[in-house]
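Data first, discussion second: the structure below is written as structure tokens.
Each chain carries a letter (A, B, C, D, E and F) given by its place in the written order, and its residues are counted from 1.
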Amino acid sequence: MWTHKRKVLTIITESALERVLLEDIERLGAHGYTVSDVRGKGHRGVRTSAWDTNANIRVEVVCDAETAAAIASRLKDQYYENYAIIQYIADVEVLRPERF
Amino acid sequence: MTEEKALTDIDPIILFFLLGLAAGLLRSELRLPSAVYDLISMVLLLAIGLKGGVELAQQPFGYLLPQILAVIGMGFLLPLIAFPVLRHLGGFRRADAASIAAHYGSVSVATYAVATAWFASREIEFEAHMPLLLVVLEIPAILIGILMARGLSRDVPLATVGREVFLGKGIVLLVGGLLIGWVAGPGGVASIEPLFFDLFKGILALFLLEMGLITAAHFGGLRRYGVFLVLFGIGMPLFSALIGTAFGLLLGLSVGGTAILATLAASASYIAVPAAMRISVPEANPALSLAAALGVTFPFNVLVGIPLYHALASWTHRILGG
Amino acid sequence: MTEEKALTDIDPIILFFLLGLAAGLLRSELRLPSAVYDLISMVLLLAIGLKGGVELAQQPFGYLLPQILAVIGMGFLLPLIAFPVLRHLGGFRRADAASIAAHYGSVSVATYAVATAWFASREIEFEAHMPLLLVVLEIPAILIGILMARGLSRDVPLATVGREVFLGKGIVLLVGGLLIGWVAGPGGVASIEPLFFDLFKGILALFLLEMGLITAAHFGGLRRYGVFLVLFGIGMPLFSALIGTAFGLLLGLSVGGTAILATLAASASYIAVPAAMRISVPEANPALSLAAALGVTFPFNVLVGIPLYHALASWTHRILGG
Amino acid sequence: MTEEKALTDIDPIILFFLLGLAAGLLRSELRLPSAVYDLISMVLLLAIGLKGGVELAQQPFGYLLPQILAVIGMGFLLPLIAFPVLRHLGGFRRADAASIAAHYGSVSVATYAVATAWFASREIEFEAHMPLLLVVLEIPAILIGILMARGLSRDVPLATVGREVFLGKGIVLLVGGLLIGWVAGPGGVASIEPLFFDLFKGILALFLLEMGLITAAHFGGLRRYGVFLVLFGIGMPLFSALIGTAFGLLLGLSVGGTAILATLAASASYIAVPAAMRISVPEANPALSLAAALGVTFPFNVLVGIPLYHALASWTHRILGG
Amino acid sequence: MWTHKRKVLTIITESALERVLLEDIERLGAHGYTVSDVRGKGHRGVRTSAWDTNANIRVEVVCDAETAAAIASRLKDQYYENYAIIQYIADVEVLRPERF
Amino acid sequence: MWTHKRKVLTIITESALERVLLEDIERLGAHGYTVSDVRGKGHRGVRTSAWDTNANIRVEVVCDAETAAAIASRLKDQYYENYAIIQYIADVEVLRPERF
């Protein structure tokens, strides 16, 4: 059954970027995304406040390898220098390949 | 203060701030959920707007216009003065100097709320349209900050910045409250007073508890960025208060109004400006400006500044007039 | 309205709705956290229930029973009329027609709350047991909707639907409030009045702010589903209000009570029914019914309908009696 | 109770508890978001602290000290009595017996709040410094519980336990409220009364709604752990109430104060102690102690205990003194 | 140490389904699940409201390949036609194989 | 582009452990972590309350295989006996290998 391989790209970054990031992701061809509110710590320190400026989101995009690469490299160019952000990609299998 | 004697003269809302500060520094488990923070700040912003709006209808626009223009001028002036100090005395990078300057040119709604509470408990009158000036003052410094960071030459995404600024939560709620209060008038607003006016100080107390926790979290940033930031975080509001007092006198404000304007000038934004700078001047380090605005200037204004600015306004009024 | 003059006659809570609508349409950052939405709607539902319950004890059950039965009849009638219109005039699929009809046969608690606030500020009296009729009206349309979608032949998971309907948040809080108010009586409830009664309109204002934001989000759906839905979203409440007025007259309700019943009839559910339909008639597209109920009917009722239904009730009362 | 007659004599806040209980047992969808729970409990804890603090300034410390010491002694005594009962009669493992004993040696703020509301509506006076004793009683049982579980020999991470206990949300807010009330005094606190005092019972009602839901969730645990736990959950508070009454008489408290102290003794912690035990005695099963404290003792105290303890205090006072 | 291979099935769907979905998952043999509240966008539009009817949940189930397949195909039959829902499956390693 | 392989360790456990767990994770060499609030069910029953004692967190750590193993085995020793906790590990690819 699980014959369709796809990628899931996970992005963890500042809440302030939510709107622009999701626009980028759609523009680069993803058919959907899922967002949750998270907190965390990384190279730019603890980000764990009740507070927008200091809160994180976690965005998940299921898509094919090319789209994942396109999004990831675009976000890298755009945001890595100045924002708290990490990305990682993993292999997944999906049921309806035409959807992703 | 009513019949019974209190231990001190401190407003209890300040004590909530100190409680949050202490809890934060002791690394207590205390933490307001973000939904609660959102609710509380939403009620405060609407309440401030409503209060101002109710009074606004009574003012002729011809009376308000010069004040609005003057205050816009002050909002441009303050960051222009702060920028070279930060850049040359402080040795900050261009983007950081511009961003910090923008924070100090704009205003802090929490500081304004504490000032109005402090004045109310002392029955000091001030002009009722102050919330309008508060809204007006939020914005010019942001524009100047972006220009100082990027220069006129480089293309600034003005549309994005504009929507970020004008459609940010804070401005929408303040302006929305103003308009509602203005349209509904005092009679119309009566039915929602129990939530927005009677609970105001209690909700402000909860807000300041959280502010104490947030301030404590930004003390760490201070240690890293050093003495200059602390000095700036105290010196700049003192200087801005002088400018604010001068503007208040020029505009013929009452003692209370002058003191409020001085407080607005002295206060540093930590909501609207950080959000706008994060998008428009991303290379500026937000930890720097927040450490100064929250770690130094907010507690300074709230604990020391407000009474000082009021004394200053009284003194100048006594000197200069009747 | 007290001493001072307001710009207009609009209730400030309507202005909060318009603020939310404007903020939503301008795609502002404003957004109520879901926890805040939950808290606010919980307090409103409990308050409405409590208020009704306190009065309920004063009514003999023999007086209430015919009203309850009549209102159940009305709850069956309205969707049975709406369904063929939607199916044949509107050309909707069976499931969609059934689901939309169910929304319009049931009631909107927010519309009821706005109506009571509007009446209170005009000191218009109405029967105190209206919250009971509100609860009663929630349910029949759901059952009819499911039957119309599935027919009697196919096995409907009545147990699941039943628990979904009766144990949903809304009904539990409304009925719970009713029972508590009924058992505790006016004296018992006095101690919790500051939260549930004094703050009612302020909390309703926040709720309507969020409703404005939600309504704005459902305007998009409207554009897609076209003109018929807009016409239905205005025509159906007008027709239902006539039915509601007729029932009010038949039951011998006061002018205020008749107008409230008309408003209940005219209002379309957007909480209990969508939740029940999602589980029981999943092939119905929820975007359709919510676009109509939230994008058209809720603002129509709140801005135009309520005064209209009151005028209708006054006029018919004048024509028919005394 | 004012003019109008109520169906029963039950306090409406108890009805909210029963509503939550019923909704929980019927597995309704009703559920308070955790952010709302946090907000509500935060306001209650601050309000209790504030109320106590305001009165505290009026008391000479020499009058309070013996009471504080006596109450600390009671906090050590109760778990020392409960432990062997649980270990030998109940057959619990060492860690579980110690943990349950600690829960019963400490106090429940919600039970205290219900008692004060019950007393207030009956206009029964009690010593105003009770919140101080509440805070004091929270802690000794935790220390004893850890010692009983681990023995003196093994190294207890006292620093971790200490910060867990003293910097936990509950203690920080209670003690913070006490200090703020004490420093600000009645006049200072006046401006925040609408939120913390006027809304107190309404907010307590919402809190008890959630407590009902939580209690329902812990009934399951009871079925699994059997009859002994139910008996202990009723017997222990009855016994503790006797001890509390004795201490109240020894300390010369009023009838109301004695009844409150008995209630404190009879109540079982379900916030501070579970949190501390989870970190310090992780091998204790939290389901056991919460099933007893929440599933049995809390409802018992709230529904039956408080009037009983008041009757006991009245009776002993009548017997022993003029 | 990481020698026990399992699958993690991730389901993102409407909050309204939470109760029935979790019952399905348990009935089909999963030993546990984890749920979080999320928002997102997909073929059925933006689902991002404060509001139950329009909110999403993300459910994660760690289990063996057969159970994952059983749950996924059951949810496909039951919910794909009428609900906003996606599923994807990934390889993971666990410490206590008897638990999953 | 996706040439740097790393692991993502996911831990789902009691909220009460948040502080100590994150200290452990940092001490064992992780350069960051991300935390979210979740609910769930497992061998220790339903954990789904509004309430700290009965709430869960989900912690995600992107790191190299050794660090993941070190954290997982440390948490196993420390917490498996007495706490509601599961861990699982998956392969991911990252952009900036020096960060993890």
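Criterion: contacts are C-beta pairs under 8 Å (C-beta built on N, C-alpha and C of every residue); 3 or more make two chains touch, one makes a residue touch a chain.
By chain, UniProt protein names: A, E, F = Transcriptional regulator; B, C, D = Sodium-dependent bicarbonate transport family permease.
What you are looking at is a predicted structure, and each value in this text was computed from that prediction instead of being measured.
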| item | value |
| --- | --- |
| Partner chains shared by subunit B and subunit E (Transcriptional regulator) (touch criterion as defined above) | A, C |
| Farthest-lying chain, centroid of Cα atoms versus that of subunit C | F |
| Remotest chain, subunit B as reference, centres from CA atoms | E |
| Pair joined by more contacting C-beta pairs (C-E or E-F) | E-F |
| Separation of mean Cα positions, subunit D and subunit B [Å, integer] | 41 |
| Interchain centroid distance [CA atoms averaged], subunit C/subunit F (Transcriptional regulator), Å | 46 |
| Separation of subunit A (Transcriptional regulator) from subunit B, taking each centre as the mean of its C-alpha atoms, in whole Å | 35 |
| Subunit D, residues touching no fewer than two other chains | 29, 31-36, 39, 194, 199 |
| Subunit E (Transcriptional regulator): positions in contact with at least two other chains | 36-37, 90-91 |
| Each pair of chains that touches, named by its two labels | A-B, A-E, A-F, B-C, B-D, C-D, C-E, D-F, E-F |
| Footprint of subunit D on subunit C - complex, ascending | 33-36, 38-39, 42-43, 57, 163, 167-169, 172-173, 176, 179-180, 182-196, 199 |
| Contact footprint of subunit F (Transcriptional regulator) on subunit D as seen in their complex | 31-34, 36-37, 160, 210, 214, 217, 270-271, 274-275, 278-279, 282-283, 286-287, 290 |
| For the subunit F (Transcriptional regulator) and subunit A (Transcriptional regulator) complex, residues of the former touching the latter | 1-2, 6, 8, 22, 26, 31-36, 62, 90-96, 99-100 |
| Residues of subunit D defined as touching subunit C within the complex | 1-8, 10-13, 15-16, 19, 22-23, 26-36, 39, 117, 120-121, 194, 198-199, 201-203, 205-206 |
| Interfacial residue positions of subunit A (Transcriptional regulator) with respect to subunit F (Transcriptional regulator) in the complex | 10, 12, 36-43, 48, 56, 58, 69, 72-73, 76, 80, 86-91 |
